[in-house]
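Here it is: the structure, laid out below.
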Amino acid sequence: MDYRVAVLMGSPTDSDKMAPAATTLERYGIEADVRIMSAHRSPDLVSEFVSGARAAGYQAIICGAGMAAHLAGAAAAHTTLPVVGVPLSGSAINGWDSLLATVQMPKGIPVATVAVDGSMNAALLVVQMLAVFDSNLVLQLEEHRAEMVPK
Amino acid sequence: MDYRVAVLMGSPTDSDKMAPAATTLERYGIEADVRIMSAHRSPDLVSEFVSGARAAGYQAIICGAGMAAHLAGAAAAHTTLPVVGVPLSGSAINGWDSLLATVQMPKGIPVATVAVDGSMNAALLVVQMLAVFDSNLVLQLEEHRAEMVPK
Amino acid sequence: MDYRVAVLMGSPTDSDKMAPAATTLERYGIEADVRIMSAHRSPDLVSEFVSGARAAGYQAIICGAGMAAHLAGAAAAHTTLPVVGVPLSGSAINGWDSLLATVQMPKGIPVATVAVDGSMNAALLVVQMLAVFDSNLVLQLEEHRAEMVPK
Amino acid sequence: MDYRVAVLMGSPTDSDKMAPAATTLERYGIEADVRIMSAHRSPDLVSEFVSGARAAGYQAIICGAGMAAHLAGAAAAHTTLPVVGVPLSGSAINGWDSLLATVQMPKGIPVATVAVDGSMNAALLVVQMLAVFDSNLVLQLEEHRAEMVPK
Amino acid sequence: MDYRVAVLMGSPTDSDKMAPAATTLERYGIEADVRIMSAHRSPDLVSEFVSGARAAGYQAIICGAGMAAHLAGAAAAHTTLPVVGVPLSGSAINGWDSLLATVQMPKGIPVATVAVDGSMNAALLVVQMLAVFDSNLVLQLEEHRAEMVPK
Amino acid sequence: MDYRVAVLMGSPTDSDKMAPAATTLERYGIEADVRIMSAHRSPDLVSEFVSGARAAGYQAIICGAGMAAHLAGAAAAHTTLPVVGVPLSGSAINGWDSLLATVQMPKGIPVATVAVDGSMNAALLVVQMLAVFDSNLVLQLEEHRAEMVPK
Amino acid sequence: MDYRVAVLMGSPTDSDKMAPAATTLERYGIEADVRIMSAHRSPDLVSEFVSGARAAGYQAIICGAGMAAHLAGAAAAHTTLPVVGVPLSGSAINGWDSLLATVQMPKGIPVATVAVDGSMNAALLVVQMLAVFDSNLVLQLEEHRAEMVPK
Amino acid sequence: MDYRVAVLMGSPTDSDKMAPAATTLERYGIEADVRIMSAHRSPDLVSEFVSGARAAGYQAIICGAGMAAHLAGAAAAHTTLPVVGVPLSGSAINGWDSLLATVQMPKGIPVATVAVDGSMNAALLVVQMLAVFDSNLVLQLEEHRAEMVPK
């Protein structure tokens, strides 16, 4: 099966911090569709894209944002696809703002939050979700983990 | 002139904490239109209402929300009317989450943030905005301040 | 298809805070297997149970823990199934300790973290993961969301 | 109509962080009157200037300050004009001190607080306040927002 | 010699928390002049009172305030008498806001800050200052300390 | 009268951050006796020096320390002279640790705490204490403040 | 062999929170010598007691204190016996102050810090230290752990 | 007697921060066995190594880890040897995450936590534990402390 995951970020300046998400998805043969869109500066683009994401063949959405990081929450509000949030550091209130704004979602609309700047883990989490029904991905995950054992 | 201010909150459980906003606006003869809508559970309602707010005759929007408080930011993303954010306490991460999620907005989309649970001040801030062009409101503000001098 | 999700918690005193996880899973017809096991007081039970979880037919693991909340991370270390972490409040360092100990996982081993005490959302996140390949769950999620619109 | 906004800061060393406030106001054809005055080292200058600001033709006051940032609160205490506070980073307690000292104002005396180091948004907030009664500013805000959509 | 110390607080609701300041001063035979005045709601009263305090025979000023606690800083800005600040708890951001707003004063204008809700220690600090030139107070301090040895 | 103030610090590496204390005292003609002694690595030296400080002609003690900054508290425990604490930054928990360890003193043993790294203000606070009974110092303080008005 | 451990606390009001330390030591047949002494209010008692503790037959010292919790650090400064610190909650800055003041010790003088209010674990840590050379204690620890497995 | 202490760290990138632990142990003639193993990426290695550590002749285990620092807790869960935890800085949530994840252990399983990045003190703490039954180590500790007196 072909998988397709959207990797959204609020600003082009987030590209470096979010790059490991796409790289990691591609290692698993998953299409990573990287797009810049902001919950605050292009909110209609976010709601339109995310509302149509399931129909457009996406299995999950990864969102990276800093400061009052609303991107993941805004995405989660418009879809029942799994949304993974990556809080990004960079402001004076370094990572605390984006972490709390991403993880403290109200009842009903979860965001699967990973560590501050943890874009690689966001991708791995999506792979693990897909691997629930794909034993080939399970094997790849196990190989990848074996490589990551520190020496 | 007749003024009209929307007072939005994400959940009916926020009513008590937000009540001083409406009470204060009404003291100044300003219509307070209190509505429950959630950036996460009814996002399209928020964008639709806020996008049309200027045309519908509102001069400002007050938003109260807790936890990953996106309501004010979501409103600010859909209008150029002034948006005042009231971070609400109540979660385990008591007020820190809603404060940072409300105030740390990115460049371009400001939210005028007041103190945690500061709904009365949100209303006063709106009155002060309107009073820039309304000397009658200035007089009322001065009287109100005189009453508030502690003794 | 029949689904089976483990709901683990470190102590029987966490039962009330974790109850919404099982209740929510059951609403969707998903078996919730609630078990008490501690990353610190019964670590071998955790590694044994979690290591065998995929083979035993589980699709996901939800872990609730407080303080230096290692349960979700310990589970994630022993499986490539998706692990959802629920930081629990209750210590003097109320929720900050469990949130950071759950979400700040190192590269390679993600934990999908939800809000402090957010056990209902942990279950919904699992449902959303399963719904990627189950359109019937998508419908149920949409109905559930419609019910949760605040009025 | 001609608009005039005071941009106050506690120290000449805050100039770089506050420069976007004046630049942004000027883009909208609003006079930005930048002045150095300190709530602690020249308090009488602050109270004298601010007390007379409405009569002197100002529509709003923007205040940037770091550490125990009292400037915005001190200004707000002396006028019923809208006061916008910009917490500045730079101390060891980086931005947390100025944020809390600016936003946590008591009942009766609001300060419209923006993000730490958010001087551009302080100016935009003032423009949005003025635009309530000036449709030309509304158009300019809409153009500005369109420019800011990330690509 | 007769000593006279002003004990200022921003609101009558702070009376209970500040009461130990007066009680402690009186134990040492020092006149405690307790007054309610607010840096934000009666700023001119604060500047007028504090500016004249040395001439009026006061040796020190104790200020208790909560939230964005400016009272001590505002007093310190208007006098070269020693100003002791007592950060008061009570907001959602419990004591962190008042502590940082009191202690993080800029260069030139110190506030002698004591613990959150530490009004008794504020009085003892003043007694210790006066005791530098008063050996009778030294003896009283030593007796008081002897009483306070825990058993 | 001749004044003498001890400026203590826990480590020679604190010298740069504490230098403004001595410089400022000397501007006022006050002898600054700078000594390196640690509450943890030379505790008996601290208790011996501080216990004898009043008899040795000191009027106040300034203590700068970082991390679990006990120096000011240890000094305060051994004298009824005023003790001024300067929390120093430099650890990973940058300034929060030293601030809380310095200011949160228990009932009975106050430490007059200034801002993190605020050694100049520590000296000014001592000058203000001495000026209570020395009108010449008052004049010097007023001149100094006039110089510090920002322009 | 007979073991003897000092359990020190700064105030009689800490007794309830520290009681599990003595109870736990006694379960292992270790004498718990509970004493009230304060790093700030009876510092000489602390230094005298602790300096003589090894000669008096103690193997370890447990210290519980709140706020600017110096007791463990002060003890550690006067002995090379292992010192275990228990940060106690109870102030407005609930547990953060005592945790940082206990754990952030400078190079050379360690304090073995346990969780906020973790007096039972302080005792267990001491038992584990003694068990390094006492296989009987190892057996007791293993039995105790078996009892604590949650069910 | 010959002593042997394991110094574990989660990643080779932690080597520099942990180096003082081994250096310090060696100064006391104690064998430091430095190993890289991760609670998350090689959990079975950790449980296997730690479970057998007492039988293999180790007297204590020092663990350094950053972020959601589980290594010390995971070690403590598998042995009744004393485990010393060194929280490491380096993430955006600089040291707060690793400190809380290390120190806030639940009842029954203590970790002796030292300061963030305090690897030298971790070693000294182990020496102090061993010195309880070794008067030669006591002498060495006293010499070492004498060297560390700041001048």
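Here the chain labels run A, B, C, D, E, F, G and H in written order, and each chain numbers its own residues starting at 1.
Rule of thumb we're sticking to: a residue touches a chain if its C-beta (ideal position, glycine included) is under 8 Å from a C-beta of that chain, and two chains touch if they have at least 3 such contacts.
Owing to the predicted nature of the structure, the values given are computational and were not obtained by experimental measurement.
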Contact steps required, at the very least, to link subunit B with subunit F come to 2
Intersection of the contact lists for subunit A and subunit E: B, D
Between copies subunit B and subunit E, are the contact residues mostly the same numbers or mostly different, with half as the line? different
Per the C-alpha fit, the turn needed to bring subunit A onto subunit D (nearest 5 degrees) is 90
Inter-centroid spacing, subunit C versus subunit A (mean Cα positions, whole Å): 19
On a C-alpha centroid basis, what's the spacing between subunit A and subunit H, in Å? 35
Hey, how far is the Cα centre of subunit E from the one of subunit H, in Å? 45
State, to the nearest whole Å, the distance from the C-alpha centre of subunit C to the C-alpha centre of subunit E. 50
Mind pulling the subunit C residues that touch 2 or more other chains? 10-11, 38, 41, 67-68, 91, 93-94, 96, 99, 103-106, 108-109, 115-116, 145, 148
Show me, using the given definition of touch, all chain pairs that touch one another. A-B, A-C, A-D, A-H, B-C, B-D, B-E, C-G, C-H, D-E, D-F, E-F, E-G, F-G, F-H, G-H
Listed in rising order, subunit D residues that touch subunit E in their complex are 10-11, 38-41, 43-44, 47, 66-68, 70, 73-74, 76-78, 91, 93, 96-97, 100-106, 108-109
For subunit G, which residues count as touching subunit E in their complex? 10-12, 36-38, 41-42, 45, 67-68, 91-94
Residues on subunit C engaged by subunit B in the complex (per definition of touch): 89, 94-96, 99, 115-117, 145, 148-151
If we count contacts the way the header does, which residues on subunit C are in touch with subunit A in the complex? 54, 59-60, 80-82, 84, 99, 103-116, 118, 120-122, 124-125, 128-133, 138, 141-142, 144-145, 148
